[in-house]
Structures are given as C-alpha cells and as structure tokens.
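First chain A sits with chain B, and in the next complex the same chain sits with chain C.
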Partner chain A sequence: MDGNGVLAKEREEEVMIQEQLIAKTRKKEKLSMIIPFFGIIFITVFFAIVTKGNTLSPSNLNNIMNQSFSIIIVAVGAVFVYSHGGMDMSVGAVQGLSSVVVASLILQGAIPGWMVLPVSILVGTVTGFTTGAIHVTIGVPAFVVSLCMRYIATGITRTATSAKDLYIPYNDFSFWNKGMIKLVVLLLVIGIGYIAFKYTRVGKYLKAIGGNKITAGQSGINVKKYTVLAYMILGSTVGLVSFFSLTRTGVVSSSTGQGFELDILTAIVLGGFPLSGGAKSKISSAILGAITVAILTNGLILWGADPNIINGIKGVLFLIIVYLSYERRKGEVVS
Partner chain B sequence: MIKECLLETKGIYKSFGPTRALVDVSIQVCRGEIRGLIGENGSGKSTLSSIVAGAQTADKGEMFFKGEQYLPKGNVDAQKQGISMVVQEMGTIPGITVASNIFLGNLNQFSKSGILSISKMNKAAKKILTEIGVPEINPSMFIDKLNFEDRKIVEIARAMYTEPEVLIIDETTTALAQKGRTLLYKLIDKMHKENKAVLFISHDLDELMSVCNNITVLRDGNLIDTLEKEDMSIDKMRRLMVGRELKGNYYRSDYDGSYGKEVVLDIRQATTGVNVENFSLQLHKGEILGIGGLSDCGMHEVGRVAFGIDKPLTGEVKLIKDDVLISNPQVAIRNKMGYVSKDRDKEALILNASIKDNITLPSLPILENGFIITNKSESELANQGVDQMEIKCYSPEQRCNELSGGNKQKVVFAKWIGNGSDILILDCPTRGIDVGVKANMYQLMYQLKKEGKSILMISEELPELIGMSDRILIMKDGLIQKEFARSEELSEQDIIDYMI
Partner chain C sequence: MKKFKKSIALLLGLIMVIGSLAACSSADNGSKDSNEGNKGGFDVVTNEDSIYPAASELDPYSVGVLLWGYTDQLGGSVKSNLEYLGKEFNVNFSFVEALTMEEYISGTENLIQRGVDGILSLLILPSMIEKAEEAGVYLQCILNESTDPDTLKLIAESEYVTGMVTENDYECGVAMVDDLYDRGMRNIVWIAPEAGMAANHDNRVRGIEDAIEKHDDLNVLANYRGTEQAEALQSFAATYPEMDGIIVTGGAGGGTESIYQVMQSEGLNGQAVLATIDIGEGTGEKLESGELGWIAGGQFPTTGIAFAVLYNAMVGTPINDTPEKTIYRPFMVLQSKDNYDNYMKFVEGSIPPYTGDEIKALIKKFNPEASLELVNEYGDNYSIDDVVSRHKDLFD
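Right, the complex of A and B next:
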C-alpha cells in the first residue's frame, strides 16, 4: 500500500515535469512568434518620438501605406521562393524591366489600356519562369541565376531610359490608385497567398522541398516543377507591383525598382522567416517583416537620414538580425 | 581484486525541448570493464554516451574521470583527455582523404609554421590503420571511394589513434559486416587486457552477451538495472528494456511461403550506371520478396530503380496490372507504390517538419478537395497513422527530429500505409531499430501480406530475411546468385556462401 502510494506520487511528479517541459517549449515558440510584433511597435514608437510625431501625421501614414503596399505584395510572392530554400536577387530589376516594357508599349500605343495590368504581370511571370527554369535545368544556384537576371534586366532598363526617362499619361490610370482599390488588391493578394500557401499543394510542397529536397522527391513531388512555379509566383507579384508604382508615378527611370530585392530580403528576415525555408515558413512573418521595413525606411527619412545612407543602415540592421537569429549548430537562419 | 573506478556519472539530467532524454542517471565504469548499454530507441543511451564523449552537455549532474572531475569542452577535448567515441551515424566527412578524416581537428601536430606535412600525416594514419588491422586502406585515398563499412572502420581508427582509456562504441556494428566486427571485437579485447574500459551500445543482444562483462539497461531516460555477466539472459534484457513481457512471435510463424500467382511488379533486364546489370525480378501479389547480400552488392540500387528514383539505362520497370512503366517516383506513387529509404534521416523524413506534415506528404493529392487541403483532413490521416503505428509523441504536431529512431521509422511507415500503397519497397526497414519496434514492424508486414499487398524487402540482416520472406534473392556484384524459397531449415550459413 505504502509502496504503491510512493509510486503513484512519483508518477504524478513525472507527469508534472513533462507538462512543464511541454509548456516551456510552447512558450518559447510563442515568444518567437511575438517578437516581430514588438519590433514593429518599438520602431513605430521610436520614430514617433525622434520625429516629434511627424511619422504619425495623416499624410505620412498615407506614405507608409503606399510603401507597405508594394513590399507586402512582393513579400507574399517571395514566401513561395524563400519557403523552398530559394532566393531571388532580381526583384527590383524585374520591376524596372516590367515598367519599361509596359511604358514603351503604352507610348507606342501598342496596347489598349485594359491590357496594361495583365502585360505587366506577364513580364514579371515570364522573367520568374526564366530564372526558375535556368536554375533547375542547369543546376546553378538560384542566387547566381537571379543575380544574372538582375544584370540583364537592369541593362535593358538603362538602355531604354538612357536618352530620357519614360513618361506615361498616368491620369488614364488614376482609378487604380484610389486608396480603396489598392486596399482591395492588397487584401486579395494576401488572401490568395495565404490560402495557396497554407491550404493547397503548392505551399505544402514548397515547404517540403525547403525541409528536405530528397524526401520531397521520394514522396512524389515534382521538385523542379514546383521550384519554377515558385519563381513564377514571385515574378507575378513583382509585375503587379510594377503596374501600380508605374501608374502612380507615371515615370520610368534608370533607377526604378533599384534596391527593392534587399527590402524584400530584409522583410523576410525581420519577420522571423527562416531563410532556409521549410516547415516554419509563414505568410504572416513575411507580412510583418514587410510592414517593419516600410516603417523603418520611412522613419529614417523623416528623421533626417540622408537617403543615400539608408541602404547602409538597412545593411547593418540586416546583419544584426541574421546574427541574432542564426542557429549556429544547425547552420540555419532562424529556426 | 579491487576494481578501480575509471569513469563515473552522477545524477545526469538532460532534456531536448519537451522530451526528457535522461533522468538522474548514475553509472560507474571500472578499469578493464566492457560495459554494454542497452535500451529501446529513445531510452537515452546515445544521449548518455554523447554526454560522456563531450558532444553534448548535461543539464544537471557531474562526471568523474580517473577520480577527477571531468568537464569536456567538446568531443575533441574529451578525446584529448582520453575518452573517444565512434558514433552511430556516418561520421566521416566526404571530399577529403582518409588521413584527413582520421586527424580531423588535430592537424596541428603535423604542421610546421602553418604548413601541413601531408606525408607525415599519411604515415601516422597508415600506422594506426595497420595497428587496428586494416593495412589495405590507403590513407591518401579520398574517403568517398570507400564503402560504408570501411568508412566506419576509418572512424574507429580516428577514435583509437589517441589511445583512449575509455572507448565508446555507439551502434557501430549495425554498419559492419564480419570483417569490421572481428576487427572491433579484437580492439575491445585489447582494451580489456590493457585495463582500459569500453562503453558498448548495440541492439544485438547476442553480441552484447558475448562481448560485455556487464550490461546497463536504460528505459525512457531512467537507469533500470545493471546486470552482471552471470545474470544476463536475452529474455531478461528484453523484458527490462521494454518494461513488459514480449508476447507472440518475433517473425511470422508460418512456413508456408505461398503467394499470389499474379505478377504485380516486373523488373526486366534493368542496368544502371552503378552496380546493377541486366537485373530482372518479378514481385507477386501478396508476396514478401527478400533481397539480401553485402551492402555494396547492388540490392539498394535495385530498390531505387524499382521506385523510379534512378532510371535504368536499359531495361524497364513495369506494373503489370495497369501496364505502366515506372519512370519516376511520381508515377510510382500514383500507382500505389511506396518506398522506405535505408537512409531515414536524409531521405525518408523531413526532420524539422511535424509528424503530421511527414505522414500526409505523399497523400496530399488524395486529400485535395478541389484545390484545397483542409487541416481537418490532414489531421485525420495523421492521427490515424499515429494510432495505427503507435507512434510515441505528445501530438502529431511534434517535430520529427525530437523522435527516437524507432518512432521516426514508424512515421515513415505511416506515410505509405496512409496513402494505401499496394506495393512497398522497404530498404533496410529495421536498421537501427530496437526489438519492441522491430516486432511491430514484422507484424505489420505480415498483416500487409495477408491483405494481398506486395513487399520487396531489401535487408542486410539475414535473420530478418529468413524470418519474413516468402522468397529470398541473394545478390553479389549486381547479379542474383541464388534464390531460396521459404523454409524452416534455411540457415544463415546456407546463404552466406552465396553472398561473399
């Protein structure tokens, strides 16, 4: 009787310790999910204080909205690439390319107004396809292929705008730049991205490829096909964003889109998204990261930082975040 | 004779996330002792040994080595202090030479003002390789040129060159054939005679009985008992490991060996770039067809070809019923084939994904409703797999890298049972798995056979081939040497002659 009592007590203790351990792990997981939120709140408050509230003025909030719009949409597209362990360094250049192609077609009167949006998306998708297809067929790392794609696209944009910047009659498209329309587009992209990533084969397969390419292949996934598809999805979001920024500003210059890929990369890392991809990839991380980048860029400008130095600051920040989230033992970023 | 304690652990605790790997483990190993360490997968034996070897640190507890407190800063440090370990997984680094592998992390001794003397290093490597009995391995050769077994032997050389006083051997013999085993037993005997100590982890209870002086049993991270030589018996060890009596037969009990007439999978004259030449076999409905041989005999490649992972250069793999040629794993899976790779962690599982994600992966097309795959349908399939395979976990959301080897293998099986595969290609299905789980796997295979499913079982373990197969094909150098039918009289010795 006594012996049994002791045993039961020991067992109870065992269960308690086990539960504590599980709770501890859960807490750790939750904490890593909350940190990006704190990041946003921190920089919002920080910039509100140092700019004496300027960052929170209605006109500036509108600015932040506009900047977040582009970064969020492309970050959603980028989730498909980064989740399978890929990388795309051509995002900004492709935005430029897409703008140049569309602007030239408009200026030559070659396409009717309603075709502008589809063509813009098409250019992005085709470049994404090219990057992905070269990557999987000749086996060159996506990082390298996309860098080459960046030089090619930048070259085309510079050539086309070398004589003078291209101006389009942007009043024709003022409909698209109404706040409500953009909000609807943004929510649509997030919604479709979320469902495609979380509840369809596409997202699940890409996460599996990011987790283990060999296992994915042996489990019946056409690794090459889905890899190419990921770059096409990212490309299409770049094309979409290029349409909106072209019709908002009405101009394409040699610097259109410059440095955009680093904003995306920073957004991905700041949101706590694992750069190695895999099971922990989440759309929400990318969106949070995108908003953080937008607020950060905007805040730095209003604070009076030289625009030329902002990229430098972002670079330093990027390094710090990667350092903090790098899990040395596994050689993984953010786990 | 007064025994001098060489190594002692006191109250070691260790947990990985929510999994408790070790709970208050204290052991004493004396000079001259060959200590066996047994337990099911996940019992903590590998964790304990890697803490002793300095590869991991304990959450709590102390260790003493030669009477002094012992706090290794890593496995290189432990090795310098006199404790070496040969690990369970492949521990060699590809792309560098045998000698570089042996002296990994200790190259300084061969370098002078920053320049490494390759010839000195090779000479030292040659010396140690000769000492342990493999003068034929050339130290300047790239490690990739060696087969699995010889690479393991190189690891043993790496553990031995510092002349350790405690040698830890973790499941190494699973990867070794006769040559490697003999070599290892000799080393163990030498350690014993030199009054040093060995910690020996193995699933092979017969082997432990013959090699060890005493055996410590772990279960769920707790030290259960330490048996002296005179108390050891296979039954007792099994009972202590599992914590209950094992019921029923280990392998299947019938010797009828019958199977359906219908051929389901037909490999015709397949030749691959590596190891397989003009290979043909026919797998029947309801048949367990075993393929055995040495690890480089080509049988693993046959499995890969059968599932479409490697494409044969000539010849074909055909599913008879639907007249389909298997050209890649997607076609194979669409036609209800499943494949369990021998390399569980690298090929069969996504380690940092959840049990659920892993189980559902090949079944996603089946779960699709329109384009959408709901959480509910995934969870149902995963729960079903967890229940049916009795996977030990606190939730299907638990990540696979927190599971023990046996539980991981159950997840792999659940993948293919879950999508209703009719033909299973199992490459070393019980490699590195303890008795309890093994028995489950054998029962499952037999049940599948009775349901009319077909199994191609590739195995390096003869007892398992003899115990489970309806037919056994023995391969050597990419060719089938001999076919055996199921029989009660069939012995390992009958088969071995055709393998070597």
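Right, the complex of A and C next:
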C-alpha cells in the first residue's frame, strides 16, 4: 500500500469516527428530549396500574387539570423570570394580596362583575412591576426585593382578613370554575407564553440576559426594561390565578396563597428548568414539572398511601426526577 | 447508560416497595392487641354482651378525612380515634393532609375520586359542598364551623352536608377568665395568635374579652397577639411585677412548653397562675406545682361524635335536620394532678373516651332512641369525671 492509500484509509476512518460521533450526539439529543417525559409517563402508568385505571378516568383527568391549573399558569409566567436568572419569592403573597383587593371590591360592590378579572390581573402586574423596578433601580437582588414584597403583601392580607375571612358570593362567580373555561384559559396562556418565549424578542432577550447579562447589555439589549417586563409577566399570571382561585374557594383568608412560591419552585426544578436561566430554558420544562406534582399528589391519595409518609415518597421521587434532569444537563439545573 | 438505567430502575423499584408498604399500612384495618396509648392506636373493647352488631356484621363503608396533619398530638389522636372506630364499624378511613383552602378542595376531589361514601373535614367551603352534592358523598365538618351566611345557606339546602361538630371556643375563653377571677387574680395578661390566623383562637379571644367586661375590678395589664408568645410573656414579666394571672389561648406544637419555661426563668412560679388550652408534656407537673391552674383539652373525641352523625346519614337514618346549626361540645377541663392522671389513663390511654358501643348507641339504625338530643347529652356530660365513671370497670 502506497502513501496515498494510507492517507485515504486514514481519512475514511476519520469520516467513520465523525459519523459515529454525530450519530451519538443525535441519539443523546433525542434522549434528552425524551427523558423529561420519562418521569411523568412512569408515574402516570404506575398509578394507572395500582388504582386500576381510576387515575385515567375522565373525571380524574378533570381533577388533575383543576389541581395543576394554577401551578401551570404561574409556572409559565415564572419561566420569563427564571430564564434571565431572576427569582420571585413573593408569588404566594401576591396571590393573597390580589385576592384580598378583588374580594374587598366585590363585597363593597365597587366594581361590576366583568371588571373583577382585569383588576385581579392588574394588581398582580403592578406588584410584579414594583418588584422588578426596585430590583433594577436600586440594584438590590431580586430575591431580597421579592422577600420584602412577600412580607408587605402578607401583612396587607392578614390585616384585611384579621376580623373575618372574606367570603365572596360563590354562585355569582361559579361560572368561571367550570372545567371547560379553565381548559381554554390554560391552553391560551400556554400558547401565548410559548410563542412569546420562543419566537418574540422578549423570550430571546431574557434567555440572552440569563446566559450573560453583560454581553446581553453590550449587544444592545435593554436589560433593565426586559427584567422589569419579566416580573410584570409573572405578576400578571399570578393575578389571573388569584381570580380563578377565588372563584374556586369562594373565600380569602390569611392562608390564601401560603406556600405557593414553593410549589412553583418545585415545578420549575422538577421539570429540569435551569435556575441559572440562559439558552436552555424551556417553557415545556415548567409545565411538565407542574403536571408531575399534580399527578403525584393525586395518584398517592387515590392509591391510599399513608399521609404521614406521602411527603417522604414525594421527596424521593422528586430527587429521582431531578437526578434525571441533572444527568441530562450536566449540572445545569442549578448553576 | 445501561448502568444508569439499571440504577434508576432499582431506585424506582425501591420507591414503589416503600409506597406499597405505605398503601398497605393505610388500608390495614386489622385489630391491634398491644396495650399502647392513643398515638399507637386504641384497643378494640370486646363486649360479648353487646346489644349492637359487631363490625363483621356491618356493611363496609369508606370515609375520607381532611385535616391539617396527623403527626401532632391532636391530629395523631384524631387519627387513632377514627382508626379505632373504623375497626368497630367496618369503615375504611383515608386520611389526607390539607393546609390551604385550595388543598381542602383538591383533597375533596381526590377523595371523591377514590370512591369514599363520606368525608370528615376541618373546613367546609361552598365548592366542597357542590362537589359532594354532585358525587352524592356525605360531608361533615369536624373541630370547626362555618359562620359565613352564604355557606350556611348552602349547608341548610344541601342533602349531603350532615352538620358541624366542634368545641365551644367562645365559652372556653369565658371560662379561662372566670377561673382566674374566682381564684382571686385581679391583674392579668392574655396572649393569643394574631387575629385572622385561626378562627378558634379568635373565638376564644372574643370569650376572653367579653368575660373581662363582666368583671369591673379585673385589671388587664397587657395583651399580645402574634407568634412570639414566649418573648411577649418575658416582657410582661419584666414590666408588670404585679401580674398574677396569665391566659394563653393554646399552644399545641410546643408553644405551651415555652410558656412554662418563661414562667420558670422569670420567677413567676408562685406569683402568677396560668390558664391555657391544649394538654401536653409537662401539664401534670405544672398542675401539681400550682403554676397551672386551669387547662382545657380532650378535643379529639369530638371527631367520634361527628363520625356518628355522618354514619347515621350514610346508613340512611340521618339524625340532624339542621346541619347549618353547629353542634357545640365543651372542652375537657383539668384543674389538678389527679385530673391529669385520670386524663392520661381514661382519655389518652388504651381505651378511647367513647367506646364503639357508646358511639353505636348514637346510630339510629342500631338504637331507635338515637337522636340529636342524645348527641348533645353526650356533649353536656363530657368531663374527666364522666369518662372515669363510664370506663372505670373496663380498666378493673
């Protein structure tokens, strides 16, 4: 074999190795798309088997939709905040505040019925704007500002409900509590959120800010403006959820919204969403996480698990699901 | 990758095994034969002369329970008491934790989906009533009540809400003040969680305030509403050396213990007397030393009475025509170490304060004399002496 022949053979081997690497990368990519669904498919199948199909009955699917409705909607809003590396710990408190404002206005007859939903969204948006604006103007970390906002909102809610819980006329708003209405709203929010996050400059800029804030600024992105906008989007979803939650419970108490921010954080992390933000942020991750939480809680109750160890089981399952995401992204769930 | 998949499969398998055990432990309705306290479960009292049918002769029912939790003293006792009644009535209980209103509604949906015949719940909300109506599931409020006029209207119109049974928190507040007053205390302070946090504490505070109004010569030095209760008492002790009475509206979860500690550290022993709610660790010792003059507790048997009202409806012999009217029961009051010793033996001991036969006597299907009046009679008589006199023979 002459020199040319050796070279040709070496090139052939190089091409083969390259092809193998490409095939391996593609396989990995495909796998990375499938793995996030693995956890949810597994628990769905598992609970369907142990409850003899009860979890998959139409009425229970309606239950799961009702129970994951709030988390999914706010998780969609939270994607805009977390994708740029932000964090908002005031979500639950703002839900309480929004509900208090709306319920008070209803009880005083201060607003007509059709204005209740817009006012609720407005309250959420304004608080989101306040959090974002203080964060970018004074330079205080968003986490700290949102904690302060949490205390302020909780204080207002507790003061307003200290004498008695605020009951709204349940039947006047029960129309909004119907499964079909909620499904339409849910699909609309997911659809709008998906388009805004994937195809508009809002989502693209926020991911760029999450990737590298300084570079994003130097590239001409108005970092402050889009950061505030992200908190406003999250706030608007919280306001929307406050309204639907109020029509579901019919009452506002000091516990309204309590712990909701942790539910959102759990959904985000469970879905494998990188808390550091950046280009790998996906809206589907947050939605998957929210649905997983609802299916797991619902399934364990339908299965008849002991309440004292339900949290333990949940914790271990969450750990496994996060581990799957972690493996997939080599440490990028949390930077 | 294969190793990865294997380890995941192994882990998930492990979880499912744990879960299966969890499910089994929940579904297990077999009787226990150990003589443990109520945290470990009550013993079934076998009465061969019983005039009521045994559990094996009764149709099986399934009942869901929605409560804040089952690991604290009250929650644990409620669970043990209901599990005991489950063995006596052939009823399978499904216990679900719920903290927020949203969780109570979700819990109701999930329990209905599980196929329960009835639900015992701490909260009763319009949407829960609506779901119970749609599913034909009976709903009974336990250890709480609704005061919202719209909700009460829904309850009154509902075919499936069986009622609300709870302790009379207002009267308890009144009794705490009256007891300290009768002991000669004239300079008191009172402490409670912040307004709006818990309706039962708010009702106790209303009772305290109204009782204080009755006594012109009773001087309220200060009051505090919030979570820093021990710190508040510390400040009161430093500011008001004349303080001779302390009222705390309850401290389940360790709150009362911190009050005892402050009383000791601030030298209040022998100077001030405490009146409070929620019997727990240290109660006997403090009653003996005189630092604690009055303590109320023993709420968990109320859930047995609520179960009787629910069971009557489930078997087709409802006894409550006015579910919108709360059935109030008194707290059990302890004022001496003897009271406490009897409480530990006859209430928190191996036999619950109401045996299966005593609850069966409230079921119209088994006892034609059963009525709401009889339920109220049980409540009117409820005291430590009542339980001792009824169950003395069972311990001999």
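The definition used in the following text is that the second predicted complex is superposed on the first by the 276 of 335 C-alpha atoms of A that agree within 3 Å, B and C clash if a C-alpha of one lies under 4 Å from a C-alpha of the other, contacts with A are read in each partner's own complex, and residues count from 1 in each chain.
Convention: a residue touches a chain if its C-beta (ideal position, glycine included) is under 8 Å from a C-beta of that chain, and two chains touch if they have at least 3 such contacts.
In this text, all values refer to a predicted model and were calculated from it rather than measured experimentally.
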_Going by the contact rule set out at the top, does A:Met115 touch chain B (first), chain C (second), both, or neither?_
neither
*Mind working out whether A:Ala163 is in touch with chain B, chain C, both or neither, as first, second, both or neither?*
second
*asked:* Counting residues of chain A touched by each partner, does chain B or chain C come out ahead?
replied: C
*Please indicate which partner A:Gly217 is in contact with in the superposed arrangement: first for chain B, second for chain C, both, or neither.*
first
*Does chain B (first) or chain C (second) touch A:Ile313, or do both, or does neither?*
second
*Once the structures are superposed on A, label A:Met65 by its partner contacts, choosing first (chain B), second (chain C), both or neither.*
neither
*Using the superposition described at the top, list the residues of chain A that contact chain B and also contact chain C.*
none
*Please name which positions on chain C make contact with chain A in the complex.*
4, 8, 11-12, 15-16, 18-19, 22-23, 25-27, 69-71, 94-97, 99-102, 105-107, 109-111, 113-115, 125-127, 130, 147-148, 150-151, 154, 194-197, 199
*Which bits of chain A are touching chain B when the two form their complex?*
17-18, 21-22, 24-25, 195, 199-201, 204-205, 207-208, 211-212, 214-222, 278-280, 335
*Note which residues of chain B are touching chain A in the complex, please.*
15, 17-20, 307, 309, 329-330, 332-334, 339, 341, 346-354, 357, 361-362, 364-365, 368, 371-375, 394, 399, 415
*chain A to chain C touching residues, read off their complex*: 42, 46, 50, 54, 57, 59-60, 63, 66-67, 70, 158, 161-165, 167, 169-171, 174, 177, 245, 248-251, 253-259, 297-298, 300-310, 312-313, 316-317, 320, 323-324, 327
